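In the two assemblies presented below, subunit A is common to both, partnered first by subunit B and then by subunit C.
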Partner chain A sequence: MSDKTINISDVVNLPLDLKEQKKALEQKSPAVVEGKVKVYDPNKDNVKNLLEMLKNKLSRQTVSSLVGCVHCGMCSESCHYALARPHDPTMTPAYKADQIRQIFKRYIDWTGRIFPWWVHAKTPKNDEDLNRLKNIVFGTCSGCRRCTLNCPMGVDTAVLVRLTRGLLTELGIVPEGVFVVDKDSWETGNQMGVSQEDYIETLEWQEEEVQAELDDPSFKIPIDKEDCDFMYTVNPREIKYDPRSIAYACKVFHMAGESWTMPSFGWDQTNFGLFSGDDKLGGYIAKNLYEAAKRLRAKRIVISECGHGYRSSRWEGYNWAKYKQDIPSESVLITLIRYINQGLIKVDPSRNPLSITYHDSCNLARSGDLTEEPRWILERICTDFREMYPNRSDNFCCTGGGGALSMVEYKPLRIEVAKVKADQLKATGAKLVCTSCHNCVDGLSDLIKHYKLDMQVVQILDLVAEALVIPEKNEKK
Partner chain B sequence: MPQIEIGGKTYEVDEDGFLQELDKWSKEFAQGYAAVEGIEGELTEDHWKLINYIRDYYTQYGIAPMIRKLCKDCDFKLKYIYEMFPSGPAKGACKLAGLSKPTGCV
Partner chain C sequence: MSEFLRILEDEVQIVALAFMATVYTIRLIWMFRFKAGKEITKPVGSPRVGVAYSMMNVAMPWAMESARKNLSFYVQFVIFHLGVLMAITATLILPYWPEFFESEPIVRIFQLFMGAAFAVGLIRLIRRITSPVMRLISTPDDYFSVALLTAWFAAGVFAMPNQYEVSEWPLILFFGMTTLFLIYVPFSKISHYLYYPFTRYFLGKTMGHRGVFPRKKGGEKPAGLE
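Up next is the complex of A and B:
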């Protein structure tokens, strides 16, 4: 927690913590008993298992990234870890990817099988080596894919990091935070272990709150209503800790006269399978969502403000779940644009007079398709919008991506390299930084606190709710 | 494991500043942390009501309470909780109450 540059060997040699795994075994946690979540077994030949699995997990995408790197160094100019620690070559994306690349070369690529010394082919020798590999792929990369965009060879380092994370997850060699979230996801269908009862009671509570605010008893949050125009899905963080964003969204839907619903199960649009590299978990969570929409015969799936959730539910999930995409999906930003465009809701920008900049979530901008849409909305709901540079698909990560927020042991490094983001935020001179991702809210808040920036984080829905003009009949008497 | 010192006592916390063991908690710990979490001056009666509720709930069920339970049982509006704890219920109130870090992407 100091401002000193940390010694990277302290990070790479962090031991494998097994407290939570032991607890899960003692409690006979169903996900562990059924083998859905793997626990570490020192008696197994973990190195051999990793090599076997690697062979079976190769795809055209991973192999082209494994063989494509020419070590030109362009990636070190794009990664916030490498930019913040220029003295440290282990922060270079190519170095991180080389950790799996050298194993691939030694065991699969013909050059490394014949001339291992020539192509730097190498193999992990024992579980300690695998633990170091864990610390590199989970602790020194947020999977933001900025290096991918800047790679002249098209190497996707984040894909290799995810591939390696997935192999280690199968061996139970993972950070504690990842293990707990994976387990909760399998057991409850959402990443924060929220029970169905708690979920529904929270929605009922928010329904009462909005009814009181609007003085309108006809306001409803319809649960499991069939044949609606869309099904709204959220991040469990909204349910468990901060449901204000749900109230804001639902209020807007109500004002726009929308026909919509929320499912009683399959409501979590986030997906830790993206972070842990576990395609099976990714498929399970995504399928719950798609099946809910099908069951309710919803015409569309709307995804609340969340970067990795949007990427998982709209883009990657269909592959993980091997699911035919028959119901379209969209971000709630698209829904909002439709309402404003069609005059279904009215917004008054003068209600958001503070200077505002926008932080592009990596998963929305770089790995998704939303760059102009949030700006279109911001121009209509605030009076002083200022661009941050670089921006859009070239923006820097909030530094909390790739599940980093759940892996607290790597926080000192994360905060040190967040200097790049802090400088970028500071240069805007804005009072508020708006983002469209719950994870970015926490990532940015952490660094704003550490670097003592005079700034607050908001989301698009917060600003829309503030700017929303409520027709007179609904104004509180 | 990082340590912090409050009022002459040393506490083991995680890298995010969350206390490692619930029973090492003390009132001084909560008060000492308040300023870090954006709370000015002495903790009020309502702060303590919330902190004690969270601790009791955690002792009984082993998890942090849902924000809904917290608001209902303490009879606080959600907005008021954010006024009391600017860094929110998870990172503010739970931290002062001595709970370990909430799981998931928070």
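Up next is the complex of A and C:
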């Protein structure tokens, strides 16, 4: 562990890396050729284009947040970047939001157009300024919305950061990781570029695992089955790195006697459009999901454990896609509560004897509605649950939010500011930190490793699977 | 009372107020010309309750960590804004109901609030100048607005006895500043009170719809138990 702090100018002056963009152009990547993913063009008047797009993208909500800030500075005490770097005033959320606010003031607002110096209104001069803006909005904010909920005026800084990210994405002025994930999302329908073959094979593999565990060859993971009670959607990370979480969920559904299915396409409940600020991509991915449910005539959509996936699929996606919500959608947490409450599955808390604390994902607690649900389940599946402070909508980000995990160039800063979260975790004294978000699993794992905490990360489904009481006839002999 | 002071207290204020109201009206029309974001999902909570909660946030220091952890800052905020309220009230009462300020206790109450607000204004100004965070985010308008208000409170303290027969200068200063204030405010950050209902409404509506507002403290019934 090092106490060295990052020199912030090293972060905000990081050059625009175009290797992946060039590669995509050479390979005639369909998403690039069709103009779905934008590549940077130095010959274009990018500043002018950004200003034009800003005008068109503004809504009453964003304008009220742009004009409403009184620069009281209260947000500096709510942001983990600012708290971890008290010597660095550029970490203040109001400063980050001011990067777009000053453009708005110079180009659109009154006073700034007439007396720009009086309100610090200015437009970017060139692409270098836009690159600097990119590094601020992508590299120094995880969009956790903690400042939003702590702003006396109700200014939604996270929305302003996302708005700015969206404008830069349209110009191809984005971190490499964002470009790659956006491209993969458009081309494969999921953010990790998982092929349909890999997806199906992984499900079949997990099906065999559960069959072996339950000693029940009749167990199936139903794919594209019509007229089920619900369609289960997952995070591509589960397919690629954590397939056991799918097996756990499937086992629970099976034990509960559920009628359910998984779609062969439209299964990705995550949505990188939330992070890149690209509403078109957000709408495309979300619509795939909703259309899959409609195609299969599912009565519900159940979203696996993922903070931004839940926020995108349950809330933002319908708005991005302008898609009427005719099929209800819910987090798998609610499905689990129903099973436990109705006695459809039996759980034994003594099977999870280690001390467990719960980390609220920002997107579940501050931009969703799920704070009591995970706790209700935890109280029934473990014996030593202890709260983390602050918690619920006051909780600190895992520091991997906002797509930060895909932007490796900002990792040193991310890990430095993770000290706030590390201290919070350490204070619980728990052996396990449970979360309900795959992104948080990776964010927390990174900081646990760096700060050498004696702790492991688990998810609710891991613990439910552990506590699940399987009737004897199903137990493997 | 001289004719100059009478006109300054009455007609000039009315013209300045009308100017401010006109600019505000144009400002609101400008803001409403931007498209409205639409929420088309099925709600979990109530947008109305969310809006009410969001609007009342200012009076619930316990509901927001930034206020909860900085109670002295919150108290300063309350004093400062009560000072504004008292000063505005005084500009409306002095010209049309001067007898009201013949009561010494009333004069003292107004002076107390404005004096306290003046002190808070100074503290805020010092904070803005000395804190690196505040310096970085502050614009000339931020400094000028706080300085203007602070000076206005000081002028108010001296004007409250309304003893124009002794000297008109405190009143001329107070109403002169009020005029400047009314004309400047719509272009400055002081007009945040105009935006407050909107920012809080939009945030409250979204968060109420999603069930995030009112914020949960524990013990609420989870979904799925129906």
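Note that the second predicted complex is superposed on the first by the 474 of 477 C-alpha atoms of A that agree within 3 Å, B and C clash if a C-alpha of one lies under 4 Å from a C-alpha of the other, contacts with A are read in each partner's own complex, and residues count from 1 in each chain.
By definition in this document, a residue touches a chain if its C-beta (ideal position, glycine included) is under 8 Å from a C-beta of that chain, and two chains touch if they have at least 3 such contacts.
Since we're looking at a predicted model, the values are computed, not measured.
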TODO: Following the overlay on subunit A, give me a clash-or-fit verdict for subunit B and subunit C.
DONE: fit
Task: Contacts of A:244 with subunit B and subunit C, given as first, second, both or neither - done: first
- [ ] Please determine whether it is subunit B or subunit C that touches the greater number of subunit A residues.
- [x] C
Task: subunit B versus subunit C as contact partner of A:333, first or second or both or neither - done: second
Open item on the list: Tell me the contact category for A:380 with respect to subunit B and subunit C: first, second, both or neither.
Closed with: neither
TODO: Based on the superposed arrangement, let me know which partner A:106 touches: subunit B (first), subunit C (second), both, or neither?
DONE: neither
Open item on the list: Looking at A:390 after the superposition, I want to know if it touches subunit B, subunit C, both of them or none. Which is it: first, second, both, neither?
Closed with: second
Task: First (subunit B), second (subunit C), both or neither touched by A:177 - done: first
Open item on the list: For A:201, using the defined touch cut-off, is the partner it touches subunit B, subunit C, both, or neither? Pick first, second, both or neither.
Closed with: first
Task: Once both complexes are placed on the shared chain, angle at subunit A toward subunit B and subunit C, C-alpha, multiple of 10 degrees - done: 140
Open item on the list: Between subunit B and subunit C, whom does A:75 touch in the aligned arrangement: first, second, both, or neither?
Closed with: second
- [ ] If you've got the overlay open, could you tell me the nearest Cα approach between subunit B and subunit C in whole angstrom?
- [x] 25
TODO: Spell out the part of subunit A that touches subunit B in their complex, as residue ranges.
DONE: 1, 177, 180-181, 184, 191-194, 198, 201-202, 205, 209, 235-237, 239-244, 270, 308, 400, 403, 405-406, 408-412, 438-439, 442, 445, 449
Open item on the list: Under the definition above, what is the set of subunit C residues touching subunit A in their complex?
Closed with: 27, 31-32, 34-42, 44-45, 54, 57-58, 64-67, 69-70, 73, 77, 131-142, 187-189, 192, 195-196, 198-200, 202-204, 206, 210-212, 215-225
Open item on the list: So in the complex, the part of subunit B that touches subunit A is made up of which residues?
Closed with: 2, 14-18, 63, 66-69, 71-72, 78-79, 87-91, 101-106
TODO: Please name which positions on subunit A make contact with subunit C in the complex.
DONE: 58-65, 67-71, 73-78, 82, 89-90, 92, 94-95, 98, 110-111, 117-120, 148-156, 314-315, 318-319, 322-325, 328, 330, 333-338, 341, 365-373, 375-376, 390, 392-394
